[in-house]
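Next come the structures, one after another.
Paired with chain B in one complex and with chain C in the other, chain A is shared by the two complexes that follow.
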Partner chain A sequence: MTSRPRRASGPQPGGPQPGGREPDSTAPDSTAPDSAAPDSTGRGGWGLQEVSVWHDDSLALDHVSLVAAAGQVTAVVGGDGAGKTTLLRCLAGAQAPGSGRVSRPEVRRIGYLPASSGLYPDLTVAENLAFRAAAYGLTAAQAREQVAEYLDRAGLTAARDRLVGQLSGGMRQKLGMIAALVHRPDLLVLDEPSTGVDPVSRSDLWWLIARAATGGSAVVFSTSYLDEAERAGLVVALDAGRELATGTPDEIVAAIPGTLRAVRERPSGQDGLRAWRRGGHWRVWDPPGSGPAAGPIAGPAAGPVIRPDLQDAVTVAALARELRLAGSLR
Partner chain B sequence: MTGAAAGASPLAQCAGVSCRFGQFTAVDQVDLQVNSGEIVGLLGANGAGKTTLIRLLLGLLTPSAGEVALFGAAPSRATRRRIGYLPQGLGLYDDLTPAENLKFSAAVFGSGRDGPELPAALRSYANTVVGSLPLGVQRRIAFAQVLSHRPDLLILDEPTSGVDPLGRARLWETISDAAAAGAGVLVTTHHLDEAGECSRLVIMADGAVVAAGTAAQIIGPARVSVVTAASWTAAFTALERAGLPVALAGRSLRVPSCPSAEVRHALGDLDARVADAPATLEERFFELTLSSSGTEVPR
Partner chain C sequence: MWAMIVKEFRQLRRDRRTLAMMIVMPVLLLVVLGYAASFDVKTISVAAAGPQAGAVRAVLHGTFDGVTFDVVSAAPAQGRTWAQDELRDGRADMAVVTGGARPAVLIDGSQLFAARAALTALAGLERLARPVAAGGAAGAGGAAAAAGLALGTPQVSILYNPDLKTSDIMIPGLAGVVLVFVGVIITSLGVVRERQTGTLEQLAVMPLRTRDVYLGKIVPYFVVATVDLAIVLAVGIAIFGVPFRGSPAVFALGALEFLFVTLGLGVLISSVSQNQGQAIQLAIMVLLPQVLLSGLIFPLSSIVVGVRWIAYLLPLTYFNQISRCVMLRAEPLSALWPYFAYLALLGAVIVTLATLRFRAFLAPAPSGRNRHRPPGQAGAQRPALAGTAPRDPA
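Presenting the complex of A and B:
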């Protein structure tokens, strides 16, 4: 095996064809470090190419690439410290890359929901939206019209006059997303919109994401929920600043090296090092050439080989990296 | 609902428990029990009453009606000693090192003056103040602290929020080890895919229990229509226009609680396939949560 799990062939924006408008042909502006769209398919789009970022002495992003195409939803997955926020900040223009190329629309055509939600806690819901709309050059009437449906669908209409500081986490994230959408951006960048948000509010957030993509925005969001990432057209999995895997969810799953087994009891010995809990049972990853079929003790106890999903794939990628660091995997 | 193992009394039991704040009923006639060795998943939207129920179990609130029993007695300092509680905020002191946090906790629980040893994987962080450690490490320290006095009952409030899949798998390994050793566990989560880790689930909405049992029992016969269209955006717009509750799932769209014929009709002459599939726990959860509340199902 090479030094990291095989990358899915790509990037191939795997989502359905957008029905919405293409990005504004006048963008990106001259302030973007590079105006060439990195999308090799020639369909146009925004993104990062081989971007690295250093924070003091540590490498926060290590040659990461990402494509954000109009009408497509791209998910960035990874745990705490994986580099998700740094990547999104680069894409949104809130952070300059140390090296590599970024292409994005001009700043007025970007919608950005930072991890901190970017709202004013001492203003009401309506005041926050009016401020944001004014900053993007919309009139108050335009803004009201744009967001009335969104507020209604997100269950925030009754909260219009409440101070944002008093909203629940889920309500605040929904409002943050609406504020980022108010000017119908070409590129919508959302930093963990759903972390800590309950499933009902998460489904509202997903409706807003789908709505933005339907309207032609290129949507890029980060999440630690793999079931959410599975709904995206393109997924970039990060770990410690590096791309673990990139592709459509199907491509990432297909690129898992070796096979997976499902077993009921906690495996012991070598299997135990490559096992993790999933859904009340255990999964065991067999790297290429090491499966039970290769050993003398293969039998029913080894457990059936199963078809992995995206969560399995990302877990295998993280596990493989950990084992290599520990020296127990080539 | 599963009863207690023969002869054993539940570690935690709520019988007809209600908790009212003025006119507002936060917890409404809840029956719940947690037995030794089982993991009970408590699910619900924000505001469903999960945290109030946890505060009732911890003895921080007194029920307006009904009865809470821990280890067969009313909640007290003595019962609190046998509980390991992981709050959403983790409950660590940012200005203390991991070792100092564990030592303090051990002193409070009277489980030894020196406190437990840090797990081997965390020893390299022993002398760094908790506030400057990564969140993932803080969470593992909080787990070590919660388990350090060998509690009989674990109450975990969103222990896996924001954790990557491998990290979550390891936290669940710790939780199931504690249950296998005889502890009872009550755990809240917003990750509905973690339901499989739980012996059974209790779903709350508007303060009341709206469903309980295994995921399969709760889903029951619920079905959804799955739409695979040449252009998902066109299909999404058409279904939205028809006022159907549509959700995006990869290349397809899912329409819960709606017969395929109605979905087909709403799509008009669009190039799309409509199939019928069993609902997921998440979809059933929305159905239960939204139908129980007075608010309208979002359209």
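Presenting the complex of A and C:
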């Protein structure tokens, strides 16, 4: 099983955050502890603890925990319908948890980029940012200075007088992220910031994320791109609302049970049920106690055992969970 | 083409609000218009003053050209001033002042259709009376009419709108329509746009109080509606010569109350609409009855009683009265207070409902159920995770 080095923790030590009001701790589950344990870095953080959310009759999040430490980038990964958006909405305060505990800074210290980018298409780039800066209480001088810097770095200076509705998807996402971090939040929550964004703009987005983290923000973003998640300090993998694996990318990779092989053709039989395509090859996962070393297949035809990457590890984690539920794997 | 037709029907079936509007609205309009669409005023309320006030009821007894006079008050001790006050304060459509050489008939011109009906009925009364006065046989009502002539040929005066101009009564009413249009339609569109563009979720997590967002959304429309109102009044007065005889302060107070109601309605509509199309549909459903039943086009007294009660629920009915009464008849606040009281009550109810809805609008989305289950049961409603079929998570 994957290691879980960090659990949800309470507000940062040292009392209230800059900005005035006390941090918010939503705890509909009265059995939840008053303060969560600090994370392994000792710095504390914001996050969710054993949070469940229902959407009508469907359980969208099932006892999911996450900690977002200051200065750390956390990636939430998973396929469509995994619960990524629900998790981020809970963290940002847009979704109330059904049970569990949410710990977040006061609302003025949160920056949130929803999947829709949260921008007004009939306002210009500058007008959108001016609204956001004013709503978060920035002075005109602060707003001018920060907006100019971010727009310049994101390559949007020339577009500052364009209507947001006329921007490309990538430009809109970059602008949405600037709007979310213009007030230098303690917690920055980004819902799929890089979806539909070209590689150059993705690099700009990563600069903005890194800038926020080095400035002390706890950054939590969701993505379907596991190569992107590998750059995060902590990864939370979700599947159908359940927490599949949590840890650093290396920890998640190291924690997969069994071995992984690369083969040219999709294997038949039981092996085929644990195989998936990666590029021009197939990956085959052999749970502990099975595979070519223990079974009839052996030799070069079985394919070499390879070191999995994060994408492989998350897939294996999903398959392993299925086997555990079926009672075939301990 | 068949596929296209099937698709359209499927979409239509799921858009129940549009479907309801397509089916219910025509029927509703037909019924309402059928009962409401009448310019015919059949009863004229009359106030009689002067020493022979008691005889007026007998003289006006009967139906003249389809119009019946209903003497609602008789004050032998009162004179013309009292009679004018009765008209100004809306207690009668017509007043008869006796005691002079000739009786004076005063007609409220601000009630355009009632005034026209009164003139027609008075002419009918005279037609009945003349043959009797000339020694002919008395027909139905003729004797009474002839007795009326014995009081002297009446001197008819039309007050408040002497030329019976349509513009004089329409423009004060149109001011109300402008306020409804901006207040209900434009406001509801402006608010629901936040939901449609996805910025509502952003607002919900920003450090803005519900009150700030609420007022921030409606104040611009309040200003726009006020400017619109000023333009309509200026054009009405300058170009159409509509008089403004009453107190601007009383008019402004009425407009303020009415705007609160309409802006609240706009927010309420937006809070139950998922998109601008739905908001427009609902706004039209709110707007149309107000235009048709508020007395703006058809006199309230002409609307069948079974439908008229709807008119008395609509805010425009009351603003229409306030607007016309203040502009044309200089009616004071003391006579209009029931209208103001109703608008204030309606405003309080609607704004409270709108605020509650708006608060829910901006609150974090609630979790569907608060079930405590052991971990590992998520996705119970979904197909099981692939494990029997290969997949590429990227």
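As a working rule, the second predicted complex is superposed on the first by the 276 of 330 C-alpha atoms of A that agree within 3 Å, B and C clash if a C-alpha of one lies under 4 Å from a C-alpha of the other, contacts with A are read in each partner's own complex, and residues count from 1 in each chain.
Note that in this section a residue touches a chain if its C-beta (ideal position, glycine included) is under 8 Å from a C-beta of that chain, and two chains touch if they have at least 3 such contacts.
Nothing here was measured: the structure is a model prediction, and the numbers come from that model.
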Touching A:Gly169 in the superposition: chain B (first), chain C (second), both, neither?
-> first
Quick check for you: in the superposed arrangement, does A:Gly71 touch first (chain B), second (chain C), both or neither?
first
Notebook entry, point to check: After lining up the shared chain so the two structures overlap, which partner does A:Pro257 touch, if you call chain B first and chain C second: first, second, both or neither?
Noted result: neither
State whether A:Arg153 touches chain B only (first), chain C only (second), both chains, or neither. first
Who does A:Val314 touch here: chain B (first), chain C (second), both, or neither? both
_By the touch definition at the top of the document, which applies to A:Thr214: first (chain B), second (chain C), both, or neither?_
first
Check the residue A:Pro199 against both partner chains and state whether it touches chain B (first), chain C (second), both, or neither.
first
First (chain B), second (chain C), both or neither: which does A:Trp276 touch?
both
Dual-contact residues of chain A, meaning touching chain B and chain C, are 79, 81, 224-227, 239, 276-278, 311, 314-315, 318-319, 322
The answer for chain A against chain B in the complex is residues 15-20, 71, 73, 77-82, 153, 155, 168-170, 192, 195-204, 206-207, 209-210, 213-214, 224-227, 230-233, 239, 249, 276-281, 311, 314-315, 318-319, 322
Counting only contacts in the complex, chain C reaches chain A at residues 197-199, 201-202, 204-208, 363-382, 384-394
Per the touch rule, the chain B residues reaching chain A in their complex are 43-48, 88, 134-136, 158, 161-167, 169-170, 172-173, 176, 190-193, 196-198, 229-234, 236-237, 247-251, 282, 285-286, 289-290, 295, 298-299
Within their complex, chain A touches chain C through residues 28-29, 50, 52-63, 79, 81, 83, 89, 92-99, 106-108, 110, 112, 114-121, 132, 135-137, 224-227, 239-242, 266, 272-278, 282, 311, 314-315, 318-319, 321-323, 325-326
